[in-house]
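Going by the order they are written in, the chains are A, B, C, D and E; count residues from 1 in each one.
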Amino acid sequence: MILLVLLVVLAVVLLAAAVYATVQKDLLYAVLATGVVSLVLSVFFYLLQAPDVAITEAAIGIALTTIIFIITIRNTTRDEDKYSEDMINRFKTEEE
Amino acid sequence: MVVSPVHLIAAPLAAAFLIPLLNKLYRDAARVVPGIVFLYNLIVSIILVNRVFQSGPIVEIIAGWKPPFGINLLMTPFSAVLTLLVSFMAFVIWLYGFRFKRSLKGGVVMYYEILQMMMAAGSLGIILTGDLFNMFVFVEITGITAIALTAFYRDRDGAEAGFKYMLMGSLASVFLLLGILLIYTQTGSLNMAQIAGRMPAVATGVKITALIFLLISLGTEAEMFPLNGWAPDAYSQAPSPTSAAFAAVLGVAAIYALARVGFTLFDHGSLSAFLTVMGFLTMLFAEMAAIAQTNLKRMLAYSSMGQMGLAMIALGIGTEAALFGALFLIINHAVIKSLLFMSGSYFIYNLNDKRLSALNGIHKRLPYVSFLFSLAALAIVGFPPFSGFWSKFYILTAAGERRMLPLIIGILAVTVIEMTYYLRVIGRIYFAKEETEPASHKPSIQALVAMTSLAVLIIVLGLYPDLIAGYLHKASMFLLDKQTYIQTVLHLS
Amino acid sequence: MSNYQEIISQYRPLLEIIVYGSAVALILVGLYAVLVKKHLVKVVIGLSLIDSGVNLLFVGVGYVTNHTAPIFSPGYENAADRMVDPVPQALVLTAIVIGFAVTALALSLVIRLYRHHKTANVEQLNRLRW
Amino acid sequence: MGIIYILGILIIGALAAFFVDDLNRKWTGPVAMLFGFGAAVALAVLPESRINLPVLGFTLHWEMDALARFFAWIVLGLSALALMYSVKYMEGRARQGYFYAAFLTSVAGMFGVTVSKDLLSFFIFWEIMTWTSFLVAIYNAYYGVETKGIKYIIFSAIGAYAMLTAMVLALGQYHSLEFGDLATAGAFRLTSGSWYIPVLLLLGFAVKAAVVPLHVWAPAVYPKTPMSFTTVFSGAMSKMGILGMLLILTGIFHSGRVGELAALRLSLGWLGGLTAAWATLQAIRQNDAKDLLAWSSVAQLGYIVTAVSTGTRLGLMAALYLTLLHAAFKGSLFMVAGAVEKQAGTTDFRKISGLIKRMPWTFLTALIAIISLAGIPPLGGFVGKWLLYESLISETHSYFLVILIFFASTSAFLYSYRFLFGLFLGQEEEEAKQVKEASWWMLIPMLALSMVSIATGMFPGLVFGPASRALESIGLPAGNWDMSILSNVWGNQTDVFTVGSTVGILFVLWALFITFKGKKNTRWLTTKEISTSGEIPAPEDNFTFQRGFFKPFERAVGRLYRWDMDAMWEDIGAALEAFFGFIRKIYTGNAQTYAMYVIVFVVLLILFRNYIF
Amino acid sequence: MKRIFVVFLLLVLGLAVYRAFHKAPFGQNRIGDVERPQSVSAFYLKHSPETLHTANSVTAIVVNFRGFDTLGEVTVLFLAATGLASILYRRKEEEEATEKAHLPGRIQLPSSTLVRTGAKILFPLILMLGIYVFVHGHLTPGGGFQGGSIIATGFLLMFITYKRFNVNHNVLIWLESLSGLAFVLTGIYGLISYGSFLQNTGWTGRLNDLISGGLIPLIYIFIGIKVGTELTNVLDTLLHTKPRRHE
């Protein structure tokens, strides 16, 4: 019974993390939330008798994907609503 | 067993892994090696095509497990024709792009050559494989190479086009995965022949859902109407040899996948109407958008989409004559559209301007390239005596046999639009205000050989279509014959 | 372990909702991000969420209640009929790696786009249109 | 094999011209001319022959029978002369290799059309002829490519694709494309539910024959094309439409079933009549010789279409006769216009006039051609029109149509006069003083064509013989012609000759009388001497009476001029372009929108899957 | 408004997907079921221990039964690395310009001595773990991909901790190319000696031995090396793209 509850809790955490990753404005937290999604997913895979997949997801999903997202955020912007470094949108002026 | 279909894929793979090493030893290795590989592929595919047409389909088992358990490569007459086409076009495009970015040294060119080579290899994989998930892997290979190539140039909006392509491609691959999984849950197999055999027993609801998912994903690759937003951007931003390869290599593979899924995996009758209507819409919207373009490559891109739409219509009609027309059209499209991209990009290269209005009087500067471009433009519109006429005529004939009057009228009305903008360009090239500035970038000898060989092919196929007609007839018959496909794969002696 | 297996077989329909449901929900949340969110990184996050969902779906489909992982550890050499379906797992391995490859490529595109266009807003990437 | 030889000569000629131009521009024209004459000579020695070529499961069937020979003579003869004319006409122009290559290929296409005995090869040659002629047509159009040439090719394409539609439908229904098979299968029966097949075919031919309302391309393109090609364009290529109509209406529909086609024939006849009338009215108000001739061509084609539509022996005879005649006189008229253009730099009536002294031979040609065109005996035009009236009155009894045609051909006098007066008579402009007579390279073809007009007028049997054999070959029975003027004669003395020569001699006498009488009392003026009756002219007053030449006439029929079909088609084109521009906005360039399309598409498919799959 | 529309669309889509997969009920055995057609996995589960003597049947499938997929997959990764490099490559002059401009590079947290020492100790351990994982791929869960990614994680640790940590690119390229080539050559070896690409050797050892499964461990080692180097390459490329905040 506890395990079932565990599964339910995991599913809730999974979805919560996914939704958090979607709505969070601070992209760094959003990316970390996707890491959490991968983590929970990894546990899921383990519980579903797929240890191979669990290890892969753990290695790739949690570590590598998260880090490349973070690198990207460093190279772009961290705030979701602030698309550009400058407050003035430089895109328009650079046309042509 | 001297040569077998797997050579066609193993050779580029080995070469791709080898190129970074060789490039350290010899500076131009990255340029030369793909050519050797493509030449080898061309020879192998000629041998294999001969074998297929003389002694029936070739089934090659990978890893020693018979289908449906192992992955198998399959060379039916249908895929044999397309294999030969892709090998040939890949070689010609390599030849054309041999001196591509001569100024860039080292790594960058290497990346480009590897990606370009693997795009052809992935397309060959899609055409050859007999396994659904394997097809997904090859779709991903082509997808990734295509995206990277689209974003290759930094001074263009390549990254933007690449991002769009990536987004659409990712969605497509998600749906492809879902479709494959659904099929697997119902049939317990990933082998296309076995799936085809077991498909009739599958519940209709699931079958149709799987079909929808597969159609969405393959439709994205094949530039079906609402799914083709990536195409004009990708075509217009990619390096020119890549644009040519999009039409001549990727497009071929996409249409093949669509045909294979439509005719072998599923029952063609159920999606005949869908393919016809969507094909027509693709063609209509693409050509309507094309006529208003001001950018040469973008216009050609829309025109490509139009041709793919026509191919889809032919697949939708689905009679033997229509499939013959479709095959012929794919061949024509590959040859002619590549020639258009190749010659067109020399205009752009010389003018540093992609706009159509810049083309005025370009023939003074590049007479031979202009001639080739005009030839290809006339051919793709479907003027006799060029090869484009026969494919269009055959597809129309097939439609005529089914008494699809509105469809015929629709196709021809759209063709009028197509003709209008192509002839406008010809008018510009030859008759607009003249410029006298001499050519700054004459085409290299390799590019000239490549383009001329395509032009010769256009004329030869136009004057003597019977050269390939026998093969195409056999190929289209085989595509319609689902049972033989299943038997061939599953009951190996 | 046995306790866990029993519970799972008992509550199979509920588990189906949990596993399939979270997989589908992941796909949908990811799609929502792809379709609505304007920041490029968010869009790519959405794509990776979709991938995760599909992977979960794969593994879920391969799962069989009360069956073990498809590994013939010593002493279980003849347990083939009590193992879960290994094929989807093998496919998922491939899919995860491919998904990572695509994500990496997408992120590199995002970096390039940001440099080129000075913005990470999807809506402003419309120099190529019509 | 003879057909292949002729095609080969033309194609090789095209290639030769193309490459010779790179070597030495001077030789391009003569080389092309040699090949043109070579083809004509080959036709002269060519026996009846047939060829079957299997292509992709179809058989291309070419046969040189009497009908083919009749049209082939028009095509090759006129082309040879036009090529000769072209040598000097095109002298010093750029891209001659291109011009001659396209020219000769186009001639090859036309020749192919004449010998085709199945719809597929007919269509193939038709298309070859179309796109090559397009290439020639835009030769001059440095800035007008967007509208003029494109207009031509769009209309041609609509016509050609109408034919193609009909072809594939016919193929689906009758499983053959040979004219013979179709005829024996009783194909294209209007009552069989596939009435649209012949209608679509006729639509295709009507475009080439410039029938109202599909004529707009012709007046736009003819004047803009180099005149040496316009000669062929108007004289031979438009006749391919006539040939097609002839084949469909008479060759495939047996004459025995004339009644079945009554509606079709009637409407075609009326369209022809309307074309003639409308184009004549338009021709009258043109201020440029080339425009005038272009409209006049359309009008003449209208007569021929009407003649074809009768479907009777007499009517068809008139059609064939007029076809040949029109090729002759319109060919020479366009050559005249070209000569004037070449020598004087313009053909605008308001800018140039009074060339009679400077270009007497040209004037002579123009005079003969105009007389022939207007249908004044003793020249050929008269015979053709006579036959046409006769057939309309006595055989199909379409009296109202006769009235229309009569109105058109009477009005034709107005523009005929305008042409002659505008260019050659009238006051001599200062600017015209330096103009010299055209080169003999140009004059000889013109005079040769005039000879044709005269000879056929004097001896109509020269045409009746081949024409009658041609009609036999498409299934009309040979035999006595039960019309008085033709019943007993083939080539020698005819009633036509008697009537014609009487009237003609009287006319010539009258003309001489007028000339000599007028000579004494005429005071020659230049434009600068026009009296203003003491009034001081305002700057905007224009004294050149070339302007507003037919003002009263225009005032009389002014209402008719308000219909501008050209504007109508252009509006349609503009509306379509705007629509396309609107449609392409679906490609918004926004990646998310595209993704949205995907999802919407999936959802739609899922929701309606039961209906779609 | 758009969001509501999107949510509606997604709900319809989700419902359809769920309904379709509901037809493949969760947790039910589809292997060898009488009512359902024979799934291929039964064959795999039978032959993985019996013919290939590979304990981990997922590995058997990935490397042997569906080895062609894996070859493709490795290629995808390779191409992604190549594509990444081609997208993010920098021209020489650009590189110099950024160097000169003293850009505030990527945000470098000053890593403490503790972290650095820890990383130094951890790095070999992680590498060992990775190698262990792919060497034992045919016996225990894990394999080339997992091991390769673990190795890449180790390098990641070093990249993050040590600013100046640079891998030798030549070594990476050699390893990557050679391992990839070795994979293909193994396949060709099968083609030449057994007539089928990637075919396993006849000798496959004993189940649950370290050296068993014929070529499977070998191939998985190649895959491990290749994936490890490729991922390291990807990380390297990405990490060394410096942000260009001010131009």
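We adopt the following convention: a residue touches a chain if its C-beta (ideal position, glycine included) is under 8 Å from a C-beta of that chain, and two chains touch if they have at least 3 such contacts.
Only a predicted model underlies this, so the values are computations on that prediction, with no experimental measurement involved.
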Please give the intersection of the contact partners of subunit B with those of subunit E.
C, D
If each hop has to land on a touching chain, what is the smallest number of hops from subunit A to subunit D?
2
Subunit E and subunit A - chains in contact with each
C
Please identify the chain lying most centrally, where each chain is represented by the average of its Cα atoms.
B
Farthest chain from subunit C, comparing Cα centres?
D
More contacting C-beta pairs: A-C or B-C?
A-C
Roughly how far is subunit B from subunit D, going centre to centre by Cα mean, in whole Å?
43
Computed distance of Cα centres, subunit D from subunit C, in Å:
70
Distance between the centres, which are taken as Cα means, of subunit B and subunit A, whole angstrom
36
Which integer distance in Å separates the CA centroid of subunit D from that of subunit E?
73
Give me the residues of subunit E that touch two or more other chains.
6, 10, 13, 16-17, 21, 24, 30-31, 39-41, 44, 56, 58, 65-66, 69, 73, 76, 79-80, 83-84, 87, 141, 145, 234, 238, 241
Residue numbers of subunit A (touch at least two other chains)
51-52, 56, 60, 64, 68, 71-72, 75-76, 85
Note: subunit D residues in touch with at least two other chains are 584, 587-589, 591-592, 595-596, 599-600, 602, 606
Pairwise touch list, complete, is A-C, A-E, B-C, B-D, B-E, C-D, C-E, D-E
Tell me, which parts of subunit C touch subunit B in their complex?
27, 34, 40, 43, 47, 50-51, 54, 57-58, 61, 87-88, 91, 94-95, 98, 101-102, 105-106, 109-110, 112-113, 116-117, 125, 127-128, 130
Name, in rising order, each residue of subunit B that touches subunit D in their complex.
163-164, 167-168, 171-172, 175, 208-209, 211-213, 215-216, 220, 226-227, 229-230, 232-233, 270-271, 273-274, 285, 288-289, 291-292, 378, 383-385, 389-390, 393-394, 396-397, 399-403, 405, 408-409, 412-413, 415-417, 419-420, 423-424, 426-428, 430-433, 465-466, 469
Over in the complex, which subunit E residues touch subunit A? Could you list them?
56, 58-59, 106-107, 133, 141-143, 145-146, 149-150, 152-153, 156, 231, 234-235, 238-239, 241, 243, 245
Touching residues on subunit E, where the partner in the complex is subunit C
2-3, 6-7, 10-11, 13-14, 17-18, 21-22, 24-32, 39-42, 44-46, 48-49, 55-58, 61-62, 65-66, 69-70, 73, 76-77, 79-80, 83-84, 87-88, 140-141, 145, 207-208, 227, 234, 237-238, 241, 244
Footprint of subunit B on subunit E - complex, ascending
16-17, 19-21, 23-24, 30-31, 36-41, 43-44, 47, 64-69, 71-73, 75-76, 78-80, 82-87, 89, 170, 173-174, 176-178, 180-181, 183-185, 187-188, 190-191, 194-200
